[in-house]
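Starting off with a structure, shown below.
Should a chain be cited, it is by its letter among A, B and C, assigned in written order, with residues numbered from 1 in that chain.
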Amino acid sequence: MIDTPSLVDQYCHGVLRTELGLGAFEAHLGRTAGPPAPGTTFFDTQTGFAVRRWCPPLLGLEPHCPPTHYLARRRELGVLETGRRLLRATGISTYLVDTGPPGDLTGVPEIAAAGRADAHEIVRLELLAEQVADTSGTVDSFLANLAEAVHGAADSAVAFTSVAVRHGVSLVPEPPGPGEVRGATGRWLDGRTVGGRLTDPVLLRHLLWVAVASGRPLQIHVGVGDPLSLTGFAAATAGLGTDLVLLHGYPYHRHAAHLASVFPHVYADVGPALAHTGAGAAAVLAETLEHAPFGKLLFSSGARGLPELHVIGARIFREALDRVLGGWVGGGAWCRADARRVAGMIAADNARRVYGLAG
Amino acid sequence: MIDTPSLVDQYCHGVLRTELGLGAFEAHLGRTAGPPAPGTTFFDTQTGFAVRRWCPPLLGLEPHCPPTHYLARRRELGVLETGRRLLRATGISTYLVDTGPPGDLTGVPEIAAAGRADAHEIVRLELLAEQVADTSGTVDSFLANLAEAVHGAADSAVAFTSVAVRHGVSLVPEPPGPGEVRGATGRWLDGRTVGGRLTDPVLLRHLLWVAVASGRPLQIHVGVGDPLSLTGFAAATAGLGTDLVLLHGYPYHRHAAHLASVFPHVYADVGPALAHTGAGAAAVLAETLEHAPFGKLLFSSGARGLPELHVIGARIFREALDRVLGGWVGGGAWCRADARRVAGMIAADNARRVYGLAG
Amino acid sequence: MIDTPSLVDQYCHGVLRTELGLGAFEAHLGRTAGPPAPGTTFFDTQTGFAVRRWCPPLLGLEPHCPPTHYLARRRELGVLETGRRLLRATGISTYLVDTGPPGDLTGVPEIAAAGRADAHEIVRLELLAEQVADTSGTVDSFLANLAEAVHGAADSAVAFTSVAVRHGVSLVPEPPGPGEVRGATGRWLDGRTVGGRLTDPVLLRHLLWVAVASGRPLQIHVGVGDPLSLTGFAAATAGLGTDLVLLHGYPYHRHAAHLASVFPHVYADVGPALAHTGAGAAAVLAETLEHAPFGKLLFSSGARGLPELHVIGARIFREALDRVLGGWVGGGAWCRADARRVAGMIAADNARRVYGLAG
């Protein structure tokens, strides 16, 4: 067995504060906003099966018990006690929390308290820019306030994150020019009401470059497209002293891992790609370990809304790591000391180094 | 062992009616129209090895016997008796048959009789349109007859299928406008002689939208390109009440499975991707099961021409399912009852629900 | 156990002639020109772990010993004796050597002598064109000398190789026209000083077609892009009598294997994709064996600079082959005689046939 020490979850969200019925719970297991197809349920997915495997025993039930039993027990304990029991069973000692997504989710201090763990904030760039726009009247004040807000956030947050690429922004290598940025800002502010979302590709690219200048690690959600399209941006940001962390690379996780092997400042996440593939996670982890240097991979749960997702993110990761590295030790390809060292690197040490966390 | 009940083969073709020599038989094992490379044979492929594993015992020979022995025994029994023995050993109780491809292949009733099974027709849209064009003199009559033919076919067929995407048509989300369709029809009919193939992208897209309006499931051959290019078309057809079934996703089967997880009306095939990979099929099946909800995957053999291909499609699927799900049960990730249920869903139940077949 | 006979390494380079310190040695384990990320080392990669597994015992040390011990022993033996010991332990009986890349590496006769093996030259087309340009004053003389040089090289070399695709040249199916080629040649020669690199896409495509006309197998480095982009070029060169060998397909090795199944004259390499993935190589090999006809795959080490890389290329390949084919035999999918035959084909026989080597 390859023992994994306590984990640093380098990317997750808070959990819901309300009691959940079966339907509301199930909705958080799917990958779409809408309902499942007629005649199907999101419980019949790797995520659903993993929740039913790992979580019932933590609430005193049999593994794989029916969803209705689990939900009844969950309501019996209450959302707060359920959250505490589940988060404290993850083995995660540090949570890095993206506080950006909408919805009434617990914040950084609440996660720390519920999980008896450390927790730090990841600032979502698009949301920060929208907040700055809410209080900036002119192009000049927006751009100045934005720079100030990013640099201010860099003092307290452990990282920035951006969903621009996942939403279709094409990352050309060069930053947009000042005139281009001013023009785009003017058009955006003119047409905007308070709370309006930032979708302009010029401003989104500007935002990434402002973040790169801050020196804090920048987490990029790569979505389901080929991350090799980021090669130009990676080349342009090499040597500037800011690390890029690629999130959510599946089904292009091998490509993300390859990028991490080519650019010293590029890192790859091994989180949701495992959590979403459940029983199949060991194969995905093994693929990620093919090209990536072992110092360039970082665990995360990617969990949002349900503490069950933090649990399965951590459990699936540990089990996959044990199976893959243990198998390589068993077959003589690796020695056990190396396997333990690599497990510790991916589980926590790489994240501590990249984000400057205390050991 | 995960027992698989009788199978619904959601996509296959008929078999040849003629006796075959070694060369003609071998030609049906390859993936090209031409001969194999000098010094090689299509028997030296996963398909060839799978045929040699599974089929000789069904004709009274040793598994893995030389191809010449097998072909001699096949001729001794005759093409009819061989077909009956092989098809009745597949475990397939319902065949959905694409009657579109050229060649003298057995039709729906013959397959049902030879295999002692149910059989239903899948109508190939491009062929239907070509037949309509053969008997329509004007743009107006063609378009009216086409709509009528599609809706008429929807009464008797279980599904439509299209090879437009595989042949390179780019599926922009919107249907082509009426003027665009009339123009394309005029140009096509003008230049066309009886039997001429439909390759015009505007008409092919029009055809898909006419089929979507019929409410019958639409099977799309995605070829070897990334099925994520279908995201826009999937979004545009969501909520219309017509299901899309993606065929032949390999080597992008993970992407096809991911699309099936994102859109309630999108389903993915797990057929030829397994049949063509033979001894490697368990890995491909496991990858397909990573993201796809278990209610969104459908077995098929994809077989054409040789009943041997129906046999290996079914046998490879069953064995891969047993190995993958059995492995997950053995490791504690899934419980046995769930594994049996999921096996039944992919083998038959999902297809029965999607195509409205009797249980 | 599936015994693999002696290997033909269908693509490798020579080794360094100088004694190496720890840093210089480590630099050859990475996939970038620069240093590893702060806090990481290229020893912590699959390549580094594979070197530490396989090479220390060949120099009298324990497997997985610390890199410093290994480097000390290496210097103690000296670079020549180390090279001899390592190369003679590869089991490679024939090396095909790309003499193109810059750097002071051992040449064909030296590799043959150090490895007690046969060795043949692979000519890198871009380098050949640059050498011709160094001695050609006019467009006419360059084009005539180039044709002569390629045809001359075809007499002595076993193959040509090109890195044009890896460097971003888009391979449209048609050869460039004579006027286009003359124009591009003029512009290149005008702006060029002795030793200047060839990067013009028109000339690079011209060069490929001159090589195709020679009849010698043409090895194409496909880089990390999807090799299906080569489909048009493959179709255009089909039936001309010249084989194309796709090198370095990972992470698109399944796509490369698929191309090899579709075009009789297209072959796929199974070299560096295994050597770079180390303990994960069996999975990559199994994926490559899904679609490729077994007569269309060729072993290589892809090694450059360090004889350790020739060793691990050969050892990882043998072990992966034994694990994958042995597993299929154990599970009844293949028979042992077939597995041995296929092992021999990929290890050596296919290369002997394609390159016309003596058995």
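Simple rule for what comes next: a contact is a pair of C-beta atoms (placed from the backbone, for glycine too) under 8 Å apart; a residue touches a chain by one contact, two chains touch by 3 or more.
Every value quoted in this text rests on a predicted model; they were computed, and no experiment measured them.
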### Query
Interface overlap for subunit A and subunit C, more than half of numbers shared or less than half: same or different?
different
### Task
Fit subunit B to subunit C on CA atoms, both being copies of the same sequence, and give the resulting rotation angle in degrees, nearest 5.
120
#### Entry: Inter-chain centre distance, subunit A versus subunit C - centres from mean C-alpha coordinates, in Å
38
## Note on the structure
So subunit B residues touching two or more other chains come to 283
## Note on the structure
Within the complex, subunit A is touched by subunit B residues 228, 254-255, 258, 261-265, 283, 286-287, 289-291, 293-296, 328, 331-335, 337-338, 342, 345, 353
### Message
Quick check on the complex: what are the subunit A residues that touch subunit B?
### Response
30-32, 34-42, 44-46, 49-50, 53, 63-64, 224-225, 250-251, 276-280, 283-284
